[in-house]
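Labels run A, B and C following the written order; every chain starts at residue 1.
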């Protein structure tokens, strides 16, 4: 099987499992006492944010490897991961407000997770724009992307800390209770299951996107 | 190591001499800073919020924008007559080029900030005399890291189309941590809180600076070498 | 001593260097003739270390420190004076202070720039700028000269001076590589002649006793064949 078809297979499996997550979250996981149904978005949003960050981490790792080993495949992987990460960000940033509005009465909340995703989104956009804007000399595109990828990955913890510090000084109305460290067993299982599915989804998408990149490079 | 710094200084000095002679970049950046301060003044309702609440944000955002504008000139200068190629032909370490540019950028931005501060005080009537040393130190800390990243990126964007647009787009996410931390610490300073309370912010700023100066110095050769 | 081995480099689908091998002893002057697009500039840049070839190797005794370069761009800063430019580049090649000034003044005199020494490069005519470029290339006393169309913009007198200078250089044991499409100007200086067409040396031989006309004829034949 080619990489592309294997990627499609992985994605298909992941999507099926995703349906499973939905079912489990909605039907089989108990309602949280204080937030009720609203809290269920948590099972999808947290892992989606995780995937977006995983994608960025992978971009950083691939960038380092590219600069060290100069293998084009790392550059291709980084580009694929960046696009997939962007997609995850977009999904989160659009479903977040769409969910928030009817449930909490506000389109946007500057909570840590959403804000980090927003910055992640801008990092990805910058990365993709840079790739598009660099013409000559050949090879510059991969090098520049690698530099930006590494810087972006290193930036993430600083953004997280800054947002956290900013929020504790300017407390927002609590619209989304942050994930409690100790979840009752059933909820934890659903969450972990969801993490697994989203990671699988990430892998499937990147495999497909990488395959497309490989094809166009060898065309 | 001493070669590294010596060559960096030769390059920085050259940049500053040229800047002194043509002066256009400095004057434009200064004018821009003043205009931004004026815009902020008209952008707020004086009856609704006390100036002291907004002052930290106004100062830090103005500085961020001014620094961003100033960063473009660093490698633009090397494009005339392809001097960058000449620099790459010399036996100096590529990192000297980066450090030299960084020093020149810091001097340039620092001067703009120094001239902008009294104007800020005058426009917004914010007393800073009693916290001036701490404020200066804080501004320096938050500027260094941001300019370090910007210098690295400016080397990359000169080869792209729309360089003036690309640089802010790439750089703005990187300006957020220093901006947020500077605003938080400045707010504490302006409201007369003791410096100890801002120590956490300052430490984080210092960490950001060290990390990104180190990272930029490390990565710079990849932007100019094949 | 300069050695190039099996140099290959492509820009997209075009092989600018398609397997070039040669070596050049001290005191010899290699003149490379070739039409536009033959890859002469790419070859020189690869020899200088500006381009890393896709395959093959370059070896120059002394590394970058030993290389003097004249290309299509002057590598001069418009807002610095001619003399300041020379001193700047000399610093980056670690020419000691004192010695820098001596060499700069000597070159300025040799190239007829003494009365322009304190003028910014901005005001120089093309011919004078080219002379300043030559001074810049020689200020660190390189042992290998790489020259890409160095006679561009020089008037007859200046060209004659420059040729004399190059002959002195070769007599003093330096290696010189000149790329040009102008057979008349290059032929006299050559101790070795090569024709580069589409990335390859189709001929590389000692000049012997051939005059410019003979070489021009050989060149036409070589270019016509391929």
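One rule holds for everything that comes next: a contact is a pair of C-beta atoms (placed from the backbone, for glycine too) under 8 Å apart; a residue touches a chain by one contact, two chains touch by 3 or more.
The structure displayed is predicted, hence computed values, not measured ones.
Nearest to the global CA centroid, when each chain is reduced to the mean of its CA atoms, is chain B. On a Cα centroid basis, the chain most remote from chain A in this structure is C.
The distance from the centre of chain B to the centre of chain C, each centre being the mean of the chain's C-alpha atoms, comes to 40 Å. The distance from the centre of chain A to the centre of chain C, with each centre set as the mean of the Cα atoms, comes to 53 Å. Centroids built from CA atoms put chain B at 31 Å from chain A.
Across the assembly, chain C contributes no residue that touches 2 or more other chains. Residue positions of chain A touching 2 or more other chains, listed in rising order: 137.
Contact with two or more other chains is made by residues 226 of chain B. In the complex of the two chains, the chain B residues touching chain A come out as 149, 152-153, 156, 159-162, 166, 169-170, 172-174, 176-177, 180-181, 184, 200-201, 204, 208, 211-212, 215-216, 219, 222-223, 226.
Chain C contributes residues 48-52, 63-65, 67, 69, 71-80, 84, 88-89, 91-94, 120-121, 136 to its touches with chain B in the complex. The touching residues of chain B, counted against chain C in their complex, run 3, 7, 10-11, 14, 17-18, 21-22, 77, 80-83, 85-92, 225-226. The part of chain A that touches chain B in the complex is made up of residues 67, 119, 122-123, 125-126, 129-130, 133-137, 139-140, 143-144, 146-148, 150-152, 154-155, 158-159, 161-163, 165-166, 169.
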